[in-house]
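You will see two complexes here that share subunit A, one where it goes with subunit B and one where it goes with subunit C.
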Partner chain A sequence: MSFSSHYSILLVAVPLAFAALCPIVGMWKRELCFPFSVAGAAAACFFIFSLWGKVISKGVVSYTPGGWKPPLGIQIRIDYVGLFMASIIGAVGLAVLVYSWRYVSRELDAEKIPYYYTLYMLLFASMLGFVVTGDIFNMFVFMEIFSISSYALVAITGQRRAVRAAFKYLLMGATSSVMVLLGIAFLYSTVGSLNMEDIAGRLAMGGYTSVASIALVLFLIGFAVKAALFPVHIWLPDAHSIAPSPISAVLSALVIKMGVLGILRIFFTVYTPGFAGIEGTWTALLQAIAWCAAISIVLASIMAIIQRDFKVMIAYSSIAHIGYILLGICMLTDKGLTGGLYNILAHALGKGCFFLVAGIIIYKHDLRRITSLRGLGRSMPVTAGAFAVASLSIVGLPPSAGFIAKWYILWGCLQKQHYVFMVMVLLGSLLSAIYCFRVVYYMFFVGSHSAEIDEGPATMIVPAASFAAATLFFGIFATLVLPSLSSAAQALLAG
Partner chain B sequence: MLWNRRRPGLAKVVYIGSTVATILAILPLYPRALDGAITTQRLVSIAPRISLAFRVDTVGFYFALLLGVLWLLCSIYSLGYIQKNETRYYCFLSLNLSFCLGVALSANMFTLFIFYELMTLFTYPLIIHEETEQARKAGLKYLVYSVSAGAVIMLGLILQYYYGGTLSFLGHGTLKLSQVGKPILLTIFSIYMLGFGVKACIMPLHGWVPDAHPAAPAPASALLSGVILKVGIFGIIRVMFDVFGIELLKTLGVALPMLIVASFSIIVGSLFALTQDELKRRLAYSSVAQVAYIVLGLFLLAPDGAIGGLLHIAHHAFMKGCLFLAAGVIIHETGKKKVSEMSGIGSRIPLTMAAFAVGALGMMGIPLTCGFITKWFLGLGTIQAHHPCFIAVLLISSLLNAVYFLPIVYVAFFKGESPEGESRLLRRETKRSMLVPVMICAGMIIILGVFVTVKGFPYSLVEVVVKAVF
Partner chain C sequence: MNFSRIAHNLNYVFSVVLFLLGLYTIAVKPNLVKKIMGLNIMETSVFLFMVSIGMVGSGNAPVVTEGVKPATMVNPIPQALILTGIVVAVSTTAVALSLCIRIHEHYDSLNAFEILGRDELF
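Presenting the complex of A and B:
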């Protein structure tokens, strides 16, 4: 076997190893932690993007560490959705890591910096593990790793309110993890397997209806908390707004999407759409998610409008966008799924940019209130410009990635004739226009005209600006991604 | 490119240069446009069956040419008028020109929508350019109206795409009654009218216009009224000609309700204009009424009516351009914004007020001005469409126009004490860069009213458009 056939395990193992070695490097020389982590993340990115060719030609790349065949051995199973998510994690994770450098060296105590990079790499590696694994228990383990590292990262500053927010996050997160674990236990006790495809096959033989239904409900609630879907979103505004800004960006752009992926895996891989026996429960639960998602969109957008704190506003907007993603998915049509998945990309870039911009503003001026952002368009044109461009995508205006996502989500709703959802999606856009443009307004159209240009450091501006540019790029050259996403959607719908 | 704050002078040069270049780039397309030929250019395919594509057809060319000319006039005027934040102003002005051109030359509804939304957003900085409290409020109102309208248009877009299967303009309607069914067609139609109607300020949706126009600097309001409102009209034209097609519209029976709405706009808009004391507000309400002329003409669904409506796009652009630019001179030179304060200003700025008078006469539809040509064709159209009662609307509107415009001219020239000596008369009236565009607009009103059929003038193009559609 050639080296390249091991890429699927290396993309998880390498960053994990770097995470383990990071404290040791930090003990030796603290400044080396940053380049060391960047090297690890870059290597993971290389492995991820090299896998695209294989996935496009084969559909699924399967890898069994040590040669133990599933269902006994652990299986790494990389399909379109998994690799799509992994690519987003890789690219966004690397960019935010670069951004972190200047931010944490100012905001954190020097002795905490190695821990920061260790936790960051752990978060990065475990998310990658989560999206590529084909084993449901393995998935749970990775979920716990990324959850615990996010709790720690939220609290890393050690401020009182940071600890409190992290604790709230921990309480909800731990409960949801227990639910997922319970669901896995229920399945395992009856079906006797932990491999997702294998479970699907055994479930399809029938006879497990009641236990399978209970497990499904447990999974749903568990992952809905991780995804911060209404009404179990209450941990998100605190945790995302109080965390250090690069961490907010990662939490918002990536970590909550893991909950979405969990729902996708459970509903489409483990319990396949055509699964006999509990179609009733399956459909009813998806309907419930769709309604929760639609309510999320409207309610969270309204909440975002009434916020005064810049980062809390952005955090509420994330809840709304999780709503778009799940709404698209719950339409159960290829277009709706494509739109939901595309919004994962669009939101990762747009919201990543928002939080990075918020971070630059905090880094330079320590401003958090929206009304205090006046005149920043003059003194920090690139930062404020990046925000303005990204807000096009968050609102869903053309030509941006968010528009393509909304277009497909609306198309999906139309395929199922859900006119109410269409109206709610458009209403959500209008509300998001209010909260985004309010910030743009304060940045560009209020305040003094004679301010000197005073930008943040380049390592912070470049990631933020490239996210903004990427939202436009994927809005215009959507055909680069769309075919893969349609294949992903079709594969998911086929089970 | 133009974002160079330290050297506004450079920005001006680059900007005017690019506007002239744009016009020069449009002009060579003229012979093809006159033949009714269509050139399509696909730029990038965004999603399956959705692409960013451009096409030059006659109506698009007509609109693009008008945009270029009016933009140039208003930019020259701006050189004298705009005094602060010039770089930002010119930057957004030129961006808006390119977005408007994008709308005019788009080959499908999707491309049109993209540029339409961009134009909507980038007009905002022009409206609030003065950064006064009034301007901010107007800007907010504008954004609320237009962004909501954008969402509505998007809804129409996805419905059209889903049921019609294509968003391309093919020169005839792409929606078919037999495939889609009447209720859905009516829904799509009303959604589009609602969406584009905001920018085209059809009466119940006109709320932002009377605030935005007075708040914006004069050249920007001239552009707003002259062409940006027409972009909404252009959207309606595309929906009528290329999405539904005239035959389908006739079958659907939507013409009469639209005619009634347009007539309502004309009469009520004029009545509102009558009650305004602030000159630019009065002009804004007049725009509401005048743009409804175009809608009226189009929805007569008769060739002559359509000619009248399409001609009025250019005619109104020059007339309202002239009036707004003249109003700008009045504010700039005398500081007077209200009609009641304007007695005697005719002797202070005689040429401007003369131009204003010409514009006012045009609005009333006096022969030898282009307003008359519009009314003539609209009148013919009403008869052709068997709706002669709408002639009455035209007549009442002319009368109301006379009532609210002539007093301004009257008090300006014949009332109030004359200036205190010869020396004031000899003083230069205003900056040349401002006076010249006003005079050109006034000249165009007469020229377009007299030499209607000259090749290259609106009529020759409009005729080709109408022949192709009917």
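Presenting the complex of A and C:
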């Protein structure tokens, strides 16, 4: 076996090892933590992007760590969706890591910096593990690792509001994890297997319908909390707005998407569409998610409009975008699924850029109120410009990635003739235009902060600006990603 | 109602009771430490449930020896899973308790309503 056949395990193992070694490096020389973790994240990115060729040619890359054969051993199973998510995690995670260097060295106490990088690498590695694993209990373990590290990262400043928000996040997150664990226990008690494909095969034999449907409900509740879907979203605005800005960016761009991926895996890989026995429950639950998602879109957009704090507004917008993603997925058509998946990319880039811009403004001027951002377009042209470009994507205007995503989601709704959902998506876009362009208006068209150009440091500007540029790039060259996404959607729908 | 069936599956009944008790404590009790206790009770109920799945009445350890049939062996996988689950639960509890200490330092209270009253929401 050549070295490259181990890439699929190395992309998790290498950042995990770097996370474990980071405190030791920090004890020796505190400044080395940053280059050390960048090296780990860059190595992971290399492994992820070199896997694309294999996945495109074969469809699925399977790896068995230690040579234990799949139904019993843990299987690493990388399909289109998994690798797509892993690529987003790799790219966004690496860029935000570079960004956090200057931010953290000023906002955090010096002795906390090694902990920050340790937790960050742990979060990064466990998210990668979550998306590539083919074993349902392994997925739970990785979910717990990224949850616990994100609770700690929200609270890392130790300020009163941060600690309170982290506790609220922890209570809801830990309860939802127990729900997922109970769901796994129910499934295991009926099928006696933990490998997702194997479970799907055994469930298809039938005979376990009532237990399987209860387990499905438990999984849905558990992952809906992680994804911050409408009735259980209340932890998100606090946690995402109070966390340090790079962490807000990662939480919003990546961590809540893990809940979406959990729902995808459970509903499409474990309980395949058209699975005999509990089709009724399956369809009813997807309908419920679709309605919750649609309500999320409208309600969270209205909540975003009435906020005065910049970061809280961005956090509410994340809830709305989780709504778009799940609504697209719940349409159960290839176009809708493609749109939902594309919005994962578009939102990760757009929202990542928003929080990074908010972080630069906090770093330079310590401003959080939206009305206090007036005139920043003149003194910080690149930062404000990045925000303006990213807001095109968040609103969903051409030629940005958000436009392509919403176009496909609407197409999916049209295929199923759900006109109410179409209206809600369009209404949500209209409302998001209000809250995004209000900020753009204050930045560019009101008053003057100071005429001289006073930008943030380059390591902070470059990630934010490159996210903004990437939203345009993936809007104009959408055909680079769309074919593989629609084959991913077809693979999911085929079960 | 078949009472003998319930009597034979008392561990499942208890795990349901513990689960609901834990969920109730998390949702209703205002004291943050009690909420953490509720979380632990809930986790324990799932552990009890999972270990019960693998139980075989008067079974053997899952080691291949002379005269021990596989059918009489206890299923070791749920126990291995629970071991991982306990580690996860312990680390969650550790993070939660350390957050509690910080909350008490900042607010001088562990009552959820008092803490909410202290900070107005933006």
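What we mean here is this: the second predicted complex is superposed on the first by the 493 of 495 C-alpha atoms of A that agree within 3 Å, B and C clash if a C-alpha of one lies under 4 Å from a C-alpha of the other, contacts with A are read in each partner's own complex, and residues count from 1 in each chain.
What we mean here is this: a contact is a pair of C-beta atoms (placed from the backbone, for glycine too) under 8 Å apart; a residue touches a chain by one contact, two chains touch by 3 or more.
All figures in this text were calculated on a predicted structure; none of them were measured in a lab.
Visitor: Have a look at where A:S100 lands relative to subunit B and subunit C in the superposition and call it first, second, both or neither.
Guide: Neither partner.
Visitor: Of the two partner chains, subunit B (first) and subunit C (second), which one does A:T471 touch, if any: first, second, both, or neither?
Guide: Neither partner.
Visitor: Pick one for A:P398: touches subunit B only (first), subunit C only (second), both, or neither.
Guide: Only subunit B; A:P398 stays clear of subunit C.
Visitor: In the overlaid three-chain picture, which partner chain does A:T175 touch, first (subunit B) or second (subunit C), both, or neither?
Guide: The answer is second: A:T175 touches subunit C but not subunit B.
Visitor: Touching A:W411, do we find subunit B (first), subunit C (second), both, or neither?
Guide: A:W411 sits against subunit B, while subunit C stays out of touch.
Visitor: For A:Y188, is the partner it touches subunit B (first), subunit C (second), both, or none of the two (neither)?
Guide: It touches subunit C, and subunit B stays clear.
Visitor: Show which residues of subunit A lie in contact with subunit B when the two form their complex.
Guide: Listed in rising order, the residues are 381, 397-399, 404, 406-408, 410-411, 414-415, 422, 426-427, 429-430, 433, 437, 444-445, 449, 475-479, 482.
Visitor: Which part of subunit C faces subunit A closely enough to touch in the complex?
Guide: Result: residues 19, 23, 26, 32, 35, 39, 42-43, 46, 49-50, 53, 77-78, 81, 84-85, 88, 91-92, 95-96, 99-100, 102-103, 106-107, 115, 119, 122 of subunit C touch subunit A.
Visitor: State the interface residues of subunit A toward subunit C in the complex, per the touch definition above.
Guide: It is residues 137, 141, 144, 148, 151-152, 155, 158, 160-161, 163-164, 166-167, 170-171, 174-175, 177-178, 181-182, 184-185, 188-189, 194, 307-309, 312 of subunit A that touch subunit C.
Visitor: Help me check something: in the complex, which residues belonging to subunit B touch subunit A?
Guide: 3, 44-48, 52, 84-85, 110, 113-114, 117-118, 121, 125, 128, 131, 136, 139, 143, 147-148, 150-152, 154-155, 158-159, 161-162
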